[in-house]
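In what comes next, subunit A is part of two complexes: it sits with subunit B in the first one and with subunit C in the second one.
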Partner chain A sequence: MPQEIHTHALANGLTLLAERMPHVRSAAFHILVPAGAAHDPAGKHGLAGLLCDLMTRGAGTRDSRQLSDALDNLGVDRGESTGTLNVQLSGATLARNLLPTLAIYADILLRPHLPEGELDAAKSLSLQDLQSIEDEPQRKVMIELRKRYYPDPLGRDQRGTAEGVMAATIDDVRSHHRTLFHPRDVILAVAGDVDWPALKGEVERLFVDWKPQARPPLAVARPEPKSGHIDKDLDQTQIALAFPSVPIGDPDFYHARGAVGVLSQDMSSRLFTNVREKHGLCYSVYASYETFRDRAAIVGYAGARPELAQETLDRTLEEFRTLVNGIEPDELDRVRVGLKSALIMRQESTSARASAIASDWYFLNRIRPLEEIQAAIDGLTVRGVLDYLRRHPAKGVTVVTLGPGALQVSQK
Partner chain B sequence: MTFHHHTLPNGLTILGETNPAALSVAVAFWVKTGSRDETPDVSGVSHFLEHMVFKGTPRRDAFAVNRDFSRIGADNNAWTSEENTVFHAVVLPEFLPQLEDVLADILRPSLRGVDFETEKKVILDEIVRYEVQPGWAVYDQARRTFYAGHPLGNSILGTTQSISALTRDQMAAYFRRRYVAPNILAVAAGNFDWDRFVHLVGQATADWPIGDAPRTNRTEPPGAGGVHLITKPADKVSQQYVTMIAPAAPADHALGYAGALVSTVVGDYTGSRMFWALTDPGLADEAGMGIDECDGAGAYYTSFNCDPDRAAECFGIVRRLLEDVQKNGITQEEFQQAKTKVLSREVRAGERTARRMATVAKDWVYRGEYRSVDDELAAWDAVTMKDVREVLDRYPLTNQTVTAYGPLEKLT
Partner chain C sequence: MPQEIHTHALANGLTLLAERMPHVRSAAFHILVPAGAAHDPAGKHGLAGLLCDLMTRGAGTRDSRQLSDALDNLGVDRGESTGTLNVQLSGATLARNLLPTLAIYADILLRPHLPEGELDAAKSLSLQDLQSIEDEPQRKVMIELRKRYYPDPLGRDQRGTAEGVMAATIDDVRSHHRTLFHPRDVILAVAGDVDWPALKGEVERLFVDWKPQARPPLAVARPEPKSGHIDKDLDQTQIALAFPSVPIGDPDFYHARGAVGVLSQDMSSRLFTNVREKHGLCYSVYASYETFRDRAAIVGYAGARPELAQETLDRTLEEFRTLVNGIEPDELDRVRVGLKSALIMRQESTSARASAIASDWYFLNRIRPLEEIQAAIDGLTVRGVLDYLRRHPAKGVTVVTLGPGALQVSQK
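Take a look at the complex of A and B:
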């Protein structure tokens, strides 16, 4: 099936991307603004999250309630989230409502009221979000892992800190918006039943007055990954680990995905088979791949009852380390079929496509055609994956645990 | 899209919705059994059996089961509820024959003793995993309290005690009683050939036994009423979690659509009464209302979690809000907005084969009919304000059973 993809660069630096999908009646959008938590100033960690919350509490000619009603009356399901590097605003609705929806998002991006009277409410929600992590041990251990594994500011908890949230003023929020919300490097991606000329014309009209300015550089510290244990009286010990991989633009990228696939693609993969199925050690164990533009990691998770936690950790680490010793051709065949099937099946979702093309543009400055990704997956070989693992072995793994009592980490 | 159905000589129902424009086909075996069909001595057996279905057959060991899903890139999983156990997968159209082969095979599991003992450990870990998540713990407790002995209140996972004591023979007996052909549906939606599907299912299930799998106690429970506190130390559970349950229309009730619109107005995640009363002012981190439509009975779930210091205030607000809707109903604007949201969601859900498959199955299981996406849209459109008043009178929102979980010893 041929893809219909359009791109358009506005003079002010905003990039518009669109994929027209046949046979759907909906459309989805995904907006990336480089204003994530890594840009929060010292002492004000959590500012990006507060800004993200306040942006939808009134914008343009509408107050908070009118804005929410306008989007609801267009049937827009939506969400805003603060990532490490980007703030994301996304949503989906019927295709015929797309352009009026984007007009409202132009207000949110360019003309938010950022009302002082609602700052306390936004702060309260941020503080509760921070507090609620204590009741979600799996989420907490992954946050603690990233803090210890990545250099600052990449390892920051996007939610910030209670002190940072409390310290932020409305002037901080407004100045953060002025500094970071301008069109340069902003990506607006749309997928679904879209009419490209009409979309392009409307986006030009909506965003033409958005004035560009220089983006402040981001200083990243030197990486010093540290393992650690957080003692807490839990009925289940949480185990998280990470070690370096290659970023998405790297020639080894698909090899890294292949390696993670052999470990953790589905219920026939090694972690599930060897840690859960053969030994019944735990319900949940997985590996995944995560990337920035310039660095990437393979991360792992397992949660087990405390009396089984040491064995779970040992066996999980063993699976990461012994992967380099050999992969069966059949294992990699399954990874290939799985990756290709998932790729095609995601084509049915307008939200998934909008997010995928935005992500490609962010990381690669282009959209990978489906044939290119399929060819790269077809081209995966056992030898290629093993060579990658020799170059990037699971050594010096950062391990963070949360639960009653520390575990021994054997650094073979 | 075209609907098809067929009943095999052994009583197994086959349903299909063909859509040649789809990129995938979603398939399931839908077994009409769940925790409500269990006696106390086998509490949790339906869910444990769902796991054991993946542990092998005379033709395949556990690894071969997972491998054969993996080989065709299947996005497969299973779930167990109070009244259904569903084994489902999405594949590219060319893999349908292989998928049907493995899916039908595993529905006749060997239930080997050694696998049973290993998997028991995984189930015990899963029980702990949910117990340490207060959001889940409160839900389970709230249901048990509300249903007060009615089988819909049975725990899906069972308890550490019931699972520890469960024997392989008890599970085998339950399997023989409940997994009879007339109690099972084979369902497909997406891009596939109907005649071929009927042939594949017919061949694979020809020797499945005939039998009766009746369901006892299909009464509508009135709800226990009252406010029930489960107090946990603050260092274990940091927020206060409150779940309120009230009787709602059963799945086949004509007022179901009106009830769902009421729950959207009261507790949708955007723009609802609860959103403006609790989330927007920052009083509660999460707040919302949903509806669970079951066989012969339904329930409104109203829940929020917040700082324990504010729980009494939030509880008061929710109670007043529910009383107000009960007495004065909803406004015309709210009614239209809820319809718009629901219609937009229906259209988008209709674009995914997995969602269509589940909807086609549910409509048949609960209403004994097929409804296309457009039928569904027309049914939502047809709801009137009079229906809303009627559903409120028949199923009052004020008829709540309240369960609170967290550090507090009293809620008012």
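Take a look at the complex of A and C:
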């Protein structure tokens, strides 16, 4: 199947992307608005999340109830989330319901009511979400890692703080919407059984009146990553770590993915076999790659019984550090096969495709053709990955632990 | 797209099912073996999980390492899980790799090494999985609910018990495999770009030597559901509840799904709007339907701050109980749209289809055509759902709570 990709830039700065998948009956959409938690003003951390919640509580001619009824009447399986840099609104439904669905999302983006009467309920939910993290140590340790590893505001918890949520007024929410919800750099990506001329015409019609305006720039602090321990009476010690990698646009990007793959792609990867299976040290251990536009990190996680936690941390760090000493051609072969297999399987899901083309546009300002990604994966070599690791070694690793008792971090 | 479904019964009792999805390049498989945790012998609860872990640590001519390498070389995205009644082995890969993948799974099912040298590592992982539940209160309360609601062994935690895991020997694991891993009633379902004659021939070849043998019958105790509270110092009180419904083969099955849909299908459903949104009582609240072949339940969950927990429980129970008093046609319309939309979207995923046809065969001994399910959803009426609710009211609800301080359960 050759890919059929369309792009269209509206005069106001919004970009419409579409991938036509002719053999499906559904269509998925993925909207990115650069209005994530990093933009929350001082003292009001949590405002982005409140705004994101309130935007779907009435918009255009519909009140809160009518809005969710209308979307449910179109069979939309939807979700909204506040990220560090972007707010994401996404969903999937039958292809024939896509255009009426997008019309509702135009109301949500441009004409939300942001009703004062629902602010308390939204705040209560935000506070409970914040509090629930206390009962989810695995999530908590990753949040605490990001706070300590990335410079502010990139390391912020998207949920904000209890103080910030409580301090926010309805005027704050409304002014946050006015300040940040502009069409410039907004990405609206669609994948599935789409009729491009009809889609393009309708999106033009729906969004043509959205006035462009500059967003306030984001000031990012100087990075000062620091390790730390949070003492808590838990049955498992939670371990999180991070060190720098290269962002997605970097020539070394696929090498970084290859390195993470050797460590943690599947059940024959090093962390799983050496830390989990061979020694039975911990139930869960993984590495992953995460990227901003201008910086990226390899992060790791392990959760272990307190009496095994030190050994788990030592062995996990050892796996990260010794990777540069050598990789077997077989290991990289498996990473290549796995990456390509996952790529093709994701290609069959409308939601995955809508999200992928939005992400490509956000990071690269273009959509990578499937063949390009496949060729880059095929081109991975042991030498290339090792060279990357020499340039970006697992040194000065930031380690954050959560549990009963601190651990020793050997900084070789 | 008309569905193209094939079934083939092997002489030894294994059933092969396939759905051909011609526009995809992947293929997914889903294997059900009736060897779940309910079959664990007294004193050895956890044996099914240990066996499931050890089966993939070497089989046929491959040792543990070679086996996971071989699967990763085929790009198989796989998972094994131990359920109450069935062990499930599933995966997805490129369609051209399907037959070699199934050849490896024939080794795993028929000729696992079950190496003694890896038992300790498997036990350690099982114990850590059991222990990690203590740090995951939402999972824990649902496990505790099932223990109290369903009769033994149906309410068992699939992970078993620490005592059972520690007591298990390699001979126990091997004898458990001999006792339970037989082809009778095993379901091997495949969906994707499959070549049916080739698949059928290869599965015949791979499994023809698997000797049929009777499985020991399962004795299920008399149901005696009982509510309870588990005191634990948590930031959220976890609430779980259950009451009887009808199993999937029952003429009332779609009415039961309709009732659960009105309560909890999407963001305009009653639990979400009335308990979460309107009052901001709790971040997470839902109802779901779960079924065995001969019995089923509607279960509910809510997690709330301790000071809001009593009101959350009261309002949640009230929503379950007052549903029988009336349903708006609009509400049921949305449930119908949502169910049909989800049905068609799941139809586009090879993994979802492999799992769905295996499940249909397990519960119904046939595969429901898409049109049949659509017609049943279209045929849902308010009157039909209310009649079902009158016959199966939310009475004598079993409530299990976990957190700081017990709650009052009003049994109206």
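In the analysis below, the second predicted complex is superposed on the first by the 412 of 412 C-alpha atoms of A that agree within 3 Å, B and C clash if a C-alpha of one lies under 4 Å from a C-alpha of the other, contacts with A are read in each partner's own complex, and residues count from 1 in each chain.
Assume contacts are C-beta pairs under 8 Å (C-beta built on N, C-alpha and C of every residue); 3 or more make two chains touch, one makes a residue touch a chain.
Everything numeric here is computed off the predicted structure, so don't read it as measured data.
Taken together in the superposed arrangement on subunit A, subunit B and subunit C clash. Contacts of A:D266 after superposition on the shared chain: both subunit B and subunit C are touched.
By the touch criterion defined above, A:D72 lies against subunit B and subunit C together after alignment on the C-alpha atoms of chain A. Of the two partner chains placed by the overlay, neither subunit B nor subunit C lies in contact with A:S288. Looking at subunit A, you'll find residues 1, 23-26, 57, 64-65, 68-69, 71-78, 92-94, 97, 120-125, 128-129, 131-132, 134-137, 234-236, 265-268, 273, 276-284, 303-305, 330, 333-334, 337-338, 340-342, 344-345, 347-350 touch subunit B in one structure and subunit C in the other.
By the touch rule above, subunit A contacts subunit B in their complex via residues 1, 22-26, 57, 64-65, 68-69, 71-78, 92-94, 97, 120-125, 128-129, 131-132, 134-137, 233-236, 265-269, 272-273, 276-284, 303-305, 308, 330, 333-334, 337-342, 344-345, 347-350. Of all residues in subunit C, only 1, 23-26, 56-57, 64-65, 68-69, 71-78, 92-94, 97, 118, 120-125, 128-129, 131-132, 134-138, 234-236, 265-268, 273, 276-284, 303-305, 330, 333-334, 337-338, 340-342, 344-345, 347-350 touch subunit A in the complex they form.
The part of subunit B that touches subunit A in the complex is made up of residues 21-24, 54, 62-63, 66-67, 69-76, 90-92, 95, 118-122, 124-126, 128-129, 131-135, 235-239, 270-271, 275-276, 279-285, 305-307, 333, 336-337, 340-341, 343-345, 347-348, 351-353.
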